Every structure is written in C-alpha cells, then in structure tokens.
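Paired with chain B in one complex and with chain C in the other, chain A is shared by the two complexes that follow.
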Partner chain A sequence: MAERFELAAPEVIADLIDDEAVVIDLTSGHYHRLRGAAADVWASLLGGANDEEIANAATGPVEMTSLAAFIDVLRQEGLIRERQSDPISPARSWAPGPLVLESFDDLEDILGIDPIHEVDPDRGWPNLPGA
Partner chain B sequence: MSDLARWLDRQLEKTAPPAQLRRSFGARDLDLRGTSDDELHELSWALGEPRFVDDVVEYRVLGDALRSAPVPRASECGPYGVISTLGGTGWRACIDVDNGRLLALHREARVALSSSLTEEPPRHQAEFARTLLHWLAIDAGHLLVHAGAVGRSGRAVLVVGPGGAGKSTFVRCAAGAGATFLGDNAIEVAVAGDRVTAWGAYGSLKVRPPMAMAEALALEFRAHDVDIAKDLYDLRNYSALGITHEAVAVVAASADGPLSPEPMSRGAALFSVAPSTMVQFPLYGPEVFETCGDLVRALDCFSLGRLDSVADHGRVLDELLGS
Partner chain C sequence: MSVVRILLAVPGPIDPAQSAGSRLVADLFEGLGELGHEVEYCFDDDTPTATVCATWEPDVVIISWAGIAARLLPVLQPSSAALIYLGHDLAHRRVAAGDEIATPAWDRRSEVVRIIEERSWGLADLSIYPEQTEADYVESVAGEGSAMAMIPYLIDEGRLRSLSDGTGRDVCFVGGPLHAPNRDAVRWFRDQVHRELFRTGELGKFHVFGYWTPEDLEDDLEGIVLHGPLSDEELDDQMSACALAVAPLRFGAGVKRKVVHYLSLSLPLVASGVAMEGIHPDPLGVELCSIAETPDEWRAVLLALRDDKDLRRTQAEAGLRAVTAGYTRAAYHQNLDAVLGTALERRQRRGGNVGGAI
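What follows is the complex of A and B.
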C-alpha cells in the first residue's frame, strides 16, 4: 500500500495561502516555497492522500516517477514523515506542472541554531562554536 | 526560585530613580526613570510624545547596579541572550550578548530594569529597547513586524522585504510626499480578523551613506554607526508615533519589481514577511508564523520596484491609500 504522510511538526511549520505554501524547518533553519502544482501536491500530501490518489486527482497525465521523486525530496528534507493520524482528506484537483521545492538557507544561522547545545561556550547565542 | 529572580525582586522593591520622562513606545507609553533628565532625553531620542495614558510601562535605568546581578554565563542563555531559568517567577530577562547588559521585565508589575545605557551604540538608541518592545508586543497579543510603514488619514501601508530591497527608500520618499512616517524597520501590529492595527515606535531612519534627499527633506542627522556602516537620521518631524493606524496593504519591495503596485499572492507576501520577522522572535517561531499568516490574509498584497522620485511615491500612495 502506498505511503501516506503528514507535516513533520512541531519541528516544521507551514502555511498554505492562495495556492502557495511557505514551509519553515525550525531545526535546520531552512525555509521553502512551493507554488502551483507543487503547492497542490503538498496540500494533498498533508491531507493524507497517497501518490496514487494524488495522481488520480490530476486534470491531466502525471509522470509518476516525477511525483515520487518530488515526494522523496520532501521526505529527505525532513518536511514530511509517515502519517501517524487517521483522518484523511481527498486529494485536491490539480493541473500537472513542474514540481519544485524552492529552498533557502540564508537565515539558517538564526532560525536553526539550537540555543542550548550549539552556541559558542563563551560568546553565547547566536555565535556558533569556533566561528 | 532562582538567585537572579530573588535579586530582581529586591531591585523592584527599591524606589525608582528620580528623573522621569514619558514617551510613546509602540502601542503603549514608556515611563522612563533615571538619574538625570539629560540622560533620559538622550537615550530616548527616537521615541515619540506620550499617547497612552491608560497603558504605561515603567523603565528604570539603574546604571551599574545591575552589573552585580547573579546572571548566568552567555553560553547558558537562549537566543538573543534570553535567560531561560526565570519561568514562573514573573520575570523575563536577557543579557545583551555584545556588552553583557542586563534587561529584565516583571510582566505583572510592568516594570523593566536595565543596566546603564551610556555606551549604547547609535543603532540601539535608534531602536531603543527593541527587545523590550518585542516582549510587550507578544504579551499584548501583537507582533513586531520587520517592515517599514507610512500612513495617511489614519490608514497605513506596510513595506516588507529583505535588507537592501528598498524599505527605507520607500518610507523616506513617501514621507517627502506628505505621508506620515511610522517606521523603517519595526512596526507593531495587532491582527483581529480582517482588521490590522498598526503603530510606529521609532522615529529613526537607518541608511547607507550617501543618502539622497537628506537636505531636501531637512532630515536631522544623528550619528553614524560604524558597525553597520549606516547613518542614522531623526524623522520624528515626519512621524506619527503612537498614533493608531489601520493597515490596509502590504507592499513587497524589490529592486526589480514593477514601477506601479501590482497585486501579488498572499503566499508570496507571507514569504516576504515571515522568515525575517521570525528571526526577531526566536522563542516564538510558530506563534509568529501564524500571526504573519493572519496578517497577509487581512491585507491587500502588492509587489513594487524601486522608484526614482518623491512624486512617484506620491502617486503610489494615492493608489494604495487614496488621495
């Protein structure tokens, strides 16, 4: 049976507005943006739909290897994890298009530092050890 | 209770310093107490006239008295030097990681204690006690947004974007076009459904020299901050500090954006607002992110490029706020 996923909360927080998702990983300090088809797939994944259900909800042909690769990227980035909860929403209708996770790391030094264990022992937050 | 909490309690019981000066501080007033009027005037030059008779926080400048406080080492503190051992004591405190200065707030008594500020770098005076403003905003259910803002007839537009995107240019030129200045870097907002209330806190402007229009706008130069390589100007003559505005739009500024405001998706606006605001509140990430989402849902969102003239900014303001 195909895997189902959920948001990797609380380490990851996300919001979906006007078909665009903003995702912030509070552990790595990376933040991400998903637009268009990528945001649709993201919303369906968080609703509990699996890849087959997502593909079936598309309004056109879907390259399953591309969809699987995209889901794998999300999982490898630690943004989603195997689903623990039962409620599942139907996959949303979507128009196939580029599945891109736009990732940014320019704030990782501040967003992602563990303030207790990773800071310089003398100078404290936000100085990294040996920096 | 920690040694520090007991020590702070004893300081709170002492009589406040004799000199007194009241100033607006975002959505409330700050009752500054220190040893001399001159000291208080110098420290708070960027704050506005008092506005909020029913909501006042006391701020005691205690000089070197706080240097003997039993504070933890910097390495034992959280983000921005926050001391995490004061839970349940009524106190919130942090140590400035640059200079070891202690700042503490008793949340119920609404009294803040601070070490001497005589060696405060210019940029900190331009955004006086910003950490305290963050705390008070959070306690009030508000948010201090990383944004500039200008207003007209009680309505305001927020300008967001990364450093160098043009926030300061926009608010400076908009002020030249007759708008009131609410701030170039930190704006307090309260989001209630589709209504966003905004308050400016600091009548200061930080820009990399040379700054165009400083003479034309008769801006008062205050200081150059070597560490950030920026000039600091006093914009209080253009400011509406502490005056309640209704924010109606957010503009995401960028160097290559359109020359007239173009609608942008709320998702894109959230992307412009949330990360840089969240880094200011490292212990409140999820709450800040959620409020940023509420903020962009409540506002009209636009993208805008860098404009050349005061007249262009006046035209844009007419579009966004009405003439």
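What follows is the complex of A and C.
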C-alpha cells in the first residue's frame, strides 16, 4: 500500500500565503516555497492522500516518477513524515505542472540563533573561522 | 511574590558583550535572580528544553527568540509551567522594513516570519516585548491580555556618566555586525555621511564598537576604527572619549539598546527616527537627541550639534533623566514582578496546577 504522510510538526510548520504554501523548518532555520502544482500536491499530502490518489485527482496526465521524486525530496528535507492515525481527506483536484521545492536559508538569524560572530578559536577577534 | 522557579530557554550560549539580544537575556537572568527567584538557563542546542522541564519542573519557562519559541511551545503546552515568549522585537516588521531597501531572495519573507511569530503569540501564556506599542499590536492579534511590555535593558546606576564634553571630533556607533539593521547603518553612515566630513576634517574618526571585522565593512575602513572585545568599563571609557554618538538605523523594530547606552553615558546623539522608537522620554519633556534622516540632514545636524555646547548639555541631561526613569534597577524589578504575576495568573486560567505558590 502506498505511503501516507503528515507534517513533521512541531519542528516544521506550514501555512498558505495566497496560493503559495510556505513551509518552515524551525530546526534548520530554512524555509521553503511551493507554488502551483507543488502547492496542490503538498496540500493533498498533508490531508493524507497517497501518491496514487493524488495522481488520480489530477486534471491531466501525471508522470508518476516525478511525483514520487518530489515526495521523496519533501521527506528527505524532513518536512513530512509517515502518517500516524489522523483522518484522511480526499486529494484535491490539480493541474499537473512543475513540482519544485524552492528553499531559502536567509532567515536563520531570526529563526534560530542569536546573531553572534563566530571568531577563530585560536586567533580570536577580528579573525573569522577559516579566514 | 514567593520564590518561583524559572527556566530561561535560549538557542545556545549567549554573549552579552556581542549582541543586544544576548544582553537583554542576561539582564533578565540577573534581574530575576535579584528578586530572589531560582533561575536556570537551558541551551536548547545542548539538552532539549522539554527534557529539562520534565526533570527540573519550573513554574515558568521563558523562551527567547521566535524560532525556538514556535518549536518548543507546542511541546511544552502540556506542562504545568507558565509559558512566556520573549519577543525581542516584532521581527516580521524589521524584516519587511529591511527588504524595502534590499533585494531579498523572496519579497514576501516577512510573512514567513509573521507566521512564526503568530504561532508563538497563540501558544504562549504571555508574550513580552520591549515596547508598549509592540505589546499592543500583539494583543490586537492574539487577544486581550496576551502580551505586555517589559523593560528591555537594565542600566546599572554605577554606569551612568555625566557629559564629559571633550574637544575631540570623533563619533561612535555601538552594535553587533550580524544584526542586519546595524550592518546597513554603519555602511550607510560611512558612505553617505562620515567619509565626506572626515576628509574635510569636520569630523574625526568613526569608532565602531561590537566585534566588527574588516570583512563586515568590505575592507573599506578609511577613517574607521574597529574595536574588539572590551570590558563594560573599557567600552564606556572609549565611547565617552568620543564627541558624538550616532544611531543611523534605516530600519529595525523595538527599543534599541545602543540608544539607551548612549544616553546613559550622556553622549550627544544624532539618530534616525527609527532608532528612537519606543525610547523612554525625558520626564521633563526635553528632546533626547537630534534627529536626521537624509545624508544632507545628517551632515548638517552633526556639525550643528558638534558646535553647540548648550544643546549638547541640554540633551545629555535629558538623556540621563530618561534612563533613570525608564531603565534602572528599581523600575526593572517592578516590571519583572508584574510580568511574572501576569504569566502565572494566565497559566492558572489555562488550567492545571502551577508548581510554585504565587
């Protein structure tokens, strides 16, 4: 039976900004954007639909290897995990298109760390590590 | 209030000498201890805060920084501890303002930060912010009583200084380079204001305090002196030796520790409007500093302040009065008592037994 997934909470949180899905990894400080078809697939995955159900809900032909690869990326990034026991929602209707996870790491200081310089442990200030 | 066990959860070891955020947390730790409470740090990258909570059983957990608050608060919700989110500023507003003058990877990233902050506001028993307008904003989103203002910085009365009013022409800035508003401010001031006045001899050197490296300023250091690790006393001495202080922040949010620090040293100050947001006013209503925004205004105001001894003295006296009224130990302790009382009361309303007596 095909796998079902859920959000890897509480380390990962997600929301919708207009039609885009925003996924935030609070552990790494990275955040991700999913647009178009990727946002639709994301929503269906969080609803508990598996890859076959998601493909069946498409309004056009779906390349299953691309869909599987996309789901694998989400899992490898730690954004989703195997589903426990929540109820399952039907997959949402979607128009096939590029399945892209756009990733950003420019908010790490806000998301997880106190912005302090790391200085070279031997040479001290003002030498940065490895400089 | 009887003794309360308080766990202060931060992302990792802090260094008050290097960042205002660390200083705020260190002041909080010190202030709570002075009130007789049991306070412990928990570095969340070392031992998970939830594990520490389970063994130490604090009455209150204060979580600093949006990222770890959003991650820890749902984990800690079942505990009996009152949960406080310490917001250093409204980070989504700071990011939005910064993105207006930069080219962000994604022009809606302030909304990403807002998602995180809203989660923390919704899950905490109380959110605390350095400025009343910030707390008011959070209440408008998360509900009445969900947030309150906390005096952000503890200025030791022993560190207050009167105006030295030397004859030099050097200017100074204090603040860490990894805080985006500071990085922007120093580079902007160097390029748009200081360089011209330094070359004509109208201003002296620009002293930058806060562990900056030459790389932080793209190795463009004409007329600039970078200062490394200093004790509090050394820092105050070297800053006081400058004729003027500057706070040329073009974006940011919340109360700026650098401004409180300048005022506590009676340093004549030129600042942007953003830099002065939320600063406690002089009880007598006198202006605390000279305000400038554009490069032309900055140059004119700096030279005017440099040449006006009476204005420097008037502002310095007003600054000391403002610091005494808003940031000294007595005010700080009173404010902390109110924060703890409110958090514990709200925790009791949420349900469950609070470990310590109020």
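The rule we apply is simple: the second predicted complex is superposed on the first by the 108 of 131 C-alpha atoms of A that agree within 3 Å, B and C clash if a C-alpha of one lies under 4 Å from a C-alpha of the other, contacts with A are read in each partner's own complex, and residues count from 1 in each chain.
Here is the rule we use: a contact is a pair of C-beta atoms (placed from the backbone, for glycine too) under 8 Å apart; a residue touches a chain by one contact, two chains touch by 3 or more.
The structure presented is a predicted model; accordingly, all values stated were derived computationally and were not measured.
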Query raised in the report: Thinking of the overlay built on chain A, is A:11 touched by chain B (first), by chain C (second), by both, or by neither?
Result: second
Report task. Answer with first, second, both or neither: which of chain B and chain C does A:19 touch in the superposed model? Result -> first
Query raised in the report: Which holds for A:27: it touches chain B only (first), chain C only (second), both, or neither?
Result: second
Report summary line: After superposition on chain A, the chain A residues reached by both chain B and chain C are 10, 13, 15, 17, 22, 24, 26, 31, 33, 104, 107, 110-111, 113, 115-116, 119, 124-127
Query raised in the report: For chain A, which residues are in contact with chain C within the complex?
Result: 9-11, 13, 15, 17, 22, 24, 26-27, 29, 31, 33, 102, 104, 106-107, 109-117, 119, 124-128, 131
Report summary line: chain B partner, complex, touching residues on chain A are 10, 13, 15-22, 24, 26, 31, 33, 35, 39, 104, 107, 110-111, 113, 115-116, 119-127
Query - Partner chain A, residues of chain C touching it in the complex - result: 10-12, 14-15, 18-19, 21-22, 25, 65-68, 70-72, 74-75, 91, 95, 104-106, 108-109, 111-113, 115-116, 119, 176-180, 211-215, 226, 228-229
Report summary line: chain B contacts chain A in the complex at 73-81, 95, 97, 265-268, 270-271, 274-276, 278-279, 282, 285-286, 289-290, 293, 296-297
